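Input: a single structure, listed below in structure tokens.
Going in written order, the chains are labelled A, B, C, D and E, and every chain counts its residues from 1.
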Amino acid sequence: MIAHLPALQVHLPVLQVIIPLMAAPICLILKRAHPVWLFALITSGLAFVISVLLLQQVMTSGVISYELGGWQAPWGIEYRIDKLNAFVLLIITSISTIVLFAAQTSIEKEIPKSKHTFFYILYLLSLTGMLGIVATGDAFNVFVFLEISSLSAYALIAMGKDRRALWAAYQYLIMGTIGATFILIGIGLMYQMTGTLNMEDLSQRLPEVAQTRTVFTAFAFVIVGVCLKLALFPLHLWLPNAYAYAPSIVTAFFAATATKVAIYLLIRFTFTIFGLSFSFTTIPLQTLFMALGLAGIFIASTSAIYQKNIKLLFAYSSIAQIGYMIVGFSISSVTGLTATLLHMFNHALMKSAIFLALGAVMYRLGNVQLSSFHGLGRQMPFTMAAIVIGGLSLIGVPLTVGFVSKWYLLLALLEQGWWPVAVLILLGSVLAVIYVWRLVEVAYFKEPLSDQVPVKEAPMFFIIPIWTLIIANIYFGIDTRLSVQVAQAAAMSLFGVTP
Amino acid sequence: MNLSLELMLQLAIVVPFLAVVAILVTGHNPNLREGVTIAACLILIYLVVNLYQGLALGATISVLWWELLPGLTISFNIEPLGILFALIASFLWLVTTCYAIGYMRSHQEKNQTRFYLCFALAISAVMAIAFAANLFTLFVFYEVLTLSTYPLVTHAGTEKAQKGGRVYLGILLSTSIVFFLLAIVSTWFVAGTLDFKLGGIFSADVDKTLAGILLVLFVFGIGKAAIMPFHRWLPAAMVAPTPVSALLHAVAVVKAGVFTILKVCIFIFGLDLLSVLPTTQFLLYLAGASVLLASLVAMRQDNLKARLAYSTVSQLGYITLGALLATPSGVIGSSMHIVIHAFGKITLFFCAGAILVTLHKSKISEMRGIGRQMPLTMLAFFIASLSIIGVPPAGGTWSKWFLMMGTIETEQWVLMVILMLSTLLNIAYLLPISFHAFFPDLIPNKNQPNKCSNKAATSINKQPAIGITEAPLPSLIAIVITTLGCLILFIYPQPLFELATAVLTNRE
Amino acid sequence: MDIVINISSGLCLFVGSFLCLSGGVGMLRFPDFYTRMHAAGVTDTLGSAMILIGLMIISTGFLVFIKLVMILLLGMLIGPTTSHVLAKAALHNGLEPQLGHEDADNKETTSSNP
Amino acid sequence: MLMGLFNHWVVIALMMIGLYIVIAHGNLIKKIVGLTLFQTSVFIFYISMAKVNGGTAPILADDIIQYSNPLPHVLILTAIVVGIATTALALSLVVRIKETYGSIEEENIQDQDNQTFEQSNSQKDSKQEKQA
Amino acid sequence: MINIVILTLLVVIAIAIIRMKDLFAVVMLLGIYGLLSASFFVAMDAVDVAFTEAAVGAGISTLLMLVVISMTGRREITTRHKPFSALFVVAITGFLLIYGTLDMPYFGSADAPIHGHVAPRYINDSMQEIGIPNIVTSVLASYRAFDTFGEVVVIFTAGIGVLALLSVVRRPEDPEQIAVINDSMHERHLVIRIIAKILIPFILLFALYVQFHGDFGPGGGFQAGVIFAAAIILYTMLFGLSTARRVINQSLIRLVAATGVLLYGSVGLATLLSGGNFFDYNVLANDPIAGQHLGIALIELGVGCTVAVVIIIIFFNFAARREMQLNNKKQHQDKKNKESSSC
């Protein structure tokens, strides 16, 4: 076996998905929660290492194609790793590993002991699903892995302590299944016109039939389906409750990754499969998405301002941040796409940090109502500082990651000469200031309520991952070379521009 | 010590920051904590003075910290305007710290560690702003300054303080995010660089309308300069303790604002371009209106600090106006006014604080005859008033003079009239305070019987001159120093003038 | 020979179909649950059996024949049992065998009763 | 055209009936039924596009030349499994919802949520007032 | 012709489902819908799919829904709060789809793009490449084996999800009580119990047949698993959950569920370690065809194991939940009775 190990290098794309996938049933065999946690953590770490290796490989030697079953591409399923999905894979695995680190402590108080093992299994499955969606080069395979990640997501969300978690999970299930079925219809229509399911093959064969009404319908269905998963305004209704009432770990993981995967799909379908000219010239996608993105930013941010449950607040903020990504996407220029990709990465960093910190608050206080935050700045200084830095990053204060992506977004808008949109984007940041500051004010400038029991700082298992993320938040806000370079390269390759 | 100037430049930014850490560590011991602060002040002054000398010897110093994106750097250099600002800020930090020690202790404020901590952080940001080599660096620390001063504004922690803090943060952050950032990104987009360069960074054939819009965005975006539609934060921040007000109004925040405007005018647009932009005229009138209106509002304020706040708004208008005049005289006038106004206004605030601490009065109508109890304080108040008004023997004379010159050079007669009028208004709202303090019976106050609910006020009327009760000693020393500053600037403005003229001379 | 096979098979199929159809008519026309169920149960068992026999007659391979036989056996076993269970469940849930309009709500089966 | 596309149209009608049930009905089980209906109809759509006139089931035999397309069959086999998995999970959610909310009607559940939400808010508010 | 008849029936049933308020009837109609669509699939030459749809659509999903209805009540309360918005959405979606059909190749036309591009290789070459007559199985288990792996994982996920949501810690049971219940049930279900006892071995046998005959005719791991599970479920329904649990050890079947997935994955890993790509069965044996056969048999076994066991797990958990609810209700009532009597 050892002799074969160097050869495994070739198999990295499939190992990326297979390792967490195989780990899930093994967890069921391991049975006891503690070893399962360790095992899951190691698995996720391994997946992270693989994604780093993959990214390295892609950046140096270009697209990797891996034929599953040894069958050639349009007949068998192909894994196709280019810069875009290597980047997204890295986001998913890194966040997953860091979040998982805190999982054991966090779920201790949120999930009954007998279900911990199931929790880790579902977590790994959900990770598998996302990785599978991103890695694959086959349209139908996307659907299958989408369902793996969605099903585990429904179950994970329903494990929340509050009974509303169940209702939220149900709503998400209905919306998610409709979305998946729409995608299925879209893939079916595409298949009917081209006879192939392979993305690369589709992208070559679709232009021949691009003018047909069927392809237009296929496009519409795929996009609507993906947007349902994406929680793009006005299809976002499932998201706030799902994020707010899920166990904290789940929220931290999903807020950082699930919507990113959906955005990846959106980019993949519009740019790679249907192609730029079809997506943006034949169809008025640009205006539509720009409008929806902006509406999302404003409506979600405004709703966030009025929330009393802090998880709900940041859930709405997530919808608003999705709006930013969509605006960047709708510009359909290299800079705009770079901004979107950067924001995917950056938003993952800040939101996972914030939600993990909220998990720590949940761990100590048992709830995350605004009124519980009175004077928490003193009692849990590290946790609250993390939330504040994460919040500043959401606003887009310089030297945090949020600034970098906003900078690119503005540049992209100015390139197109869309001044009013740029102003609106900035106004959106002002709304972010308001909702972040409400929390800061309560936490730092209000005395604790008299009936509130003083609490200690969160345990180390929280502080370490939270601050890893926060430091990453600042580091990538200052040293932007890595993230910008990768995002730019990915964007360029999607536009077919050679640097 | 033979530190290189580059190192000193960095130290000037880092020392206050280190002070933050030291204050945090020594927070439990007030004496040690304040000792640390003062030590940091002294080191900072030493550094800045050294830098000043270095500049005078013709050294060009620049430091690159980090390249965020290609071409977008955090870097610093020194030039006369920055040195000017750094000098005044570091010096007044020392003075304010002295004052604050007396004020805070006698007022028995809570959270004093947080106060000194944020104070030092703010100064660190101010130093970085002063030495910023490009607009981006400046913007970064501009935001740091906003955030670090927020806890100072809401220091009292009361509902009112929080409301004030919200307005403060709301206006400053939103203007900076919506307008300033947009302007910066657009500048970057149009010019391809953000480095400060004498004569501007825009190419000559830049679209004038676009540049004009950018100018408006800059002037509105720099909310700290408190140009009229976005001035609300300044009076709102009045809830802060007096040393904070002094810091905000005289040293750090507003000066950072007008400093930024000057920097933008001189080094981003360049005076040549500025004078031909279509929107300059509009902004000039806006600044003029700001000057006049704020003065008018100031007259109606009974709260001393609020009156001073509106006075600040009006004075900032001068500086903006001078910068926008786009002539050497205007720029010199503005630069000098930054310093001179700083000394004048900080004295006024110190006095207001001293009155509050010793006599617990904050309303002007209650201050009749206090000159007998606090003669020194009120004398200082008088001299500082003169400096603000701009009459000898106080420094304000010179800056007003150059500003007037600027309006005449550019034949902006309307603005000249505005300046004159505002001087009259200054007299009308500042001088009566000191007059009443010393000669309570000179003009009968009609309001007095209605407003005598305050016990202290009535007691003084009944028993005049019970003796001299001055402010705590550290505060008093601070007041005296700044008052002397006002006077010295009149008698010996030469170095200041040279520095201000050097702003426009190309050193390369 | 072919003709004989075809005719007999056709006959079987026809009878089977007719029986199924009559069962359907019975389902619609009979007055209460038990009689309806009776109609459906009895005719379907025989009807499907006839159809299967008809198919067996024309079946080509041995394997097909055996499969059909198996299905027939299964049908013979399951059809009556199902009817029995249905009737029992209805009775158990208090539906009296009587004339009159049906009460669909009481159609409880054991399948929901594990 | 009518004959050529009629099948598709009927299938679309079926899909839309399913979708309508999901959206319009408030009963949670009915929604799941609608979802199943929707999905099953999509399966029908896939399968009918695989049909070739005159073809037979794609099981290789010697004397047959025309087969229907096997690929959609494979896809739908997978999709059916996905469908049942979703249904099972949805049903288990319904069971839990019934246990905690005591109802499986959408309106009822939302009412309950709003009530508890307001209650908790008003409680918090009153607490704050007391503090003040 | 036949397909138009079936489609019409389907529409009728679908409309009936909208209009019905009785959930029991709705679920039964859904079962019929599944069965009819299975018939339609047969008419469309999709025998494998028909088999699966009959087992799942008409069988398992109906069953699960009935269990749930027995817990939640069977009446839909008449509220129709948003029929217009729903109609609006549906109309838009429907018209878009119909618009999309206008450029579609006609139903059944042999020159449609899908019959020309990828599929011909499956039809023409799969015999040489894989050596199995059932093309669907070839594609499912070899060409697109990874999709099928995903499918297994989906069903595994559903199992774990149901476990996470519904599993209850069961108290040790009183064997006497079970015996009492068993006796009463025996009386009630005598006929069907005997019939079931006759049938169950045959059903299990049939499951095995389907499992291993999948290469040659319709069938395969998934269908076999469902049938196998159906036999166990039938047994459970007739002989009680407690008896069934004694027959089928809970932790053991969880283990089997995991093993099924692992078996499938291990085949892939084995191919990987033998130097091929993931799921490249050719390297499993010296002869590629033999390798394909071996690989397909193994993964079908994995599918069968997982599917059967997961469906059993799902059913057991629903049933156990129901039992727990009934017990709770009974205890509650007992308590109430006691209280009222003591008063």
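By definition in this document, contacts are C-beta pairs under 8 Å (C-beta built on N, C-alpha and C of every residue); 3 or more make two chains touch, one makes a residue touch a chain.
Remember, predicted model here, so these are calculated numbers, not experimental data.
Asks: Suppose subunit A were not there; which sets of chains would still be joined by touching?
Replies: B | C, D, E, once subunit A is excluded.
Asks: Following contacts chain by chain, what is the lowest number of steps it takes to reach subunit C starting at subunit A?
Replies: So the least number of steps between the two chains is 2.
Asks: Of the other chains, whose C-alpha centre is the longest way from the centre of subunit A?
Replies: C
Asks: Tell me, please, which two chains come out on top when C-beta pairs in contact are counted per chain pair.
Replies: Ranked by contacting C-beta pairs, first place goes to D-E.
Asks: Please flag the chain sitting at the greatest distance from subunit D, going by CA centroids.
Replies: Farthest from subunit D by mean C-alpha position: B.
Asks: Any idea which chain sits dead centre by C-alpha averages?
Replies: That would be A.
Asks: Between subunit C and subunit E, what's the gap in Å when you average each chain's C-alpha atoms?
Replies: 26
Asks: Could you put a whole-Å number on the gap between the CA centroids of subunit B and subunit C?
Replies: That gives a centre separation of 97 Å.
Asks: Counting only Cα atoms for the centres, state how far subunit A is from subunit E in Å.
Replies: So the centre of subunit A lies 31 Å away from the centre of subunit E.
Asks: Return the distance between the CA-based centres of subunit B and subunit E, expressed in whole Å.
Replies: Centre-to-centre distance between subunit B and subunit E: 75 Å.
Asks: Could you say which residues in subunit A touch two or more other chains, in rising order?
Replies: Residue numbers touching two or more other chains: 140, 144, 147, 151, 154-155, 158, 185, 191-192, 197.
Asks: Residues of subunit E that touch two or more other chains: which are they?
Replies: 69, 97, 101-102, 104, 112, 114-115, 118-119, 122, 144, 147, 150-151, 154, 157-158, 161-162, 165
Asks: Could you check subunit B for residues that touch two or more other chains and list them?
Replies: Not one residue of subunit B touches more than one other chain, so the list is empty.
Asks: Run through the chains and report each pair that touches.
Replies: Once each pair is checked, the touching ones are A-B, A-D, A-E, C-E, D-E.
Asks: Flag every residue of subunit E that touches subunit D in the complex, lowest number first.
Replies: My answer: residues 3-4, 7-8, 10-11, 14-15, 17-18, 23, 26-27, 30, 33-34, 37, 40-41, 44-49, 52-53, 56-57, 60-61, 64-65, 68-69, 71-73, 76-77, 79-83, 85-87, 89-91, 93-94, 97-98, 101-102, 104, 106-110, 112, 114-115, 118-119, 122-123, 126-127, 133-136, 138-140, 144, 147-148, 150-151, 154-155, 157-158, 161-162, 165-166, 216-218, 222, 307, 314, 317-318, 321, 325.
Asks: Show which residues of subunit A lie in contact with subunit E when the two form their complex.
Replies: 1, 4, 7-8, 11, 14, 18, 21-22, 24-26, 28-29, 31, 66-71, 74-77, 114-115, 118-119, 121-122, 125, 128, 132, 138, 140-141, 144-145, 147-148, 151-152, 154-155, 158-159, 185, 189, 191-197, 205, 209, 212-218, 220-221
Asks: Within their complex, state which residues of subunit C touch subunit E.
Replies: For subunit C paired with subunit E, touching residues are 74, 77-78, 81, 84-85, 88, 92, 104-105, 107, 110-114.
Asks: So in the complex, which bits of subunit D are touching subunit A?
Replies: Residues 15, 19, 22, 28, 31, 35, 38-39, 42, 45-46, 49, 71-72, 75, 78-79, 82, 85-86, 89-90, 93-94, 96-97, 100-101, 109, 113, 120-121, 124, 127-128, 131.
Asks: Report the residues of subunit B in contact with subunit A in the complex, numbered from low to high.
Replies: Residues in contact with subunit A: 66, 68-69, 72, 136, 139-140, 143, 147, 151, 154, 157, 162, 165-166, 169-170, 173-174, 177-179, 181-182, 185-186, 188-189.
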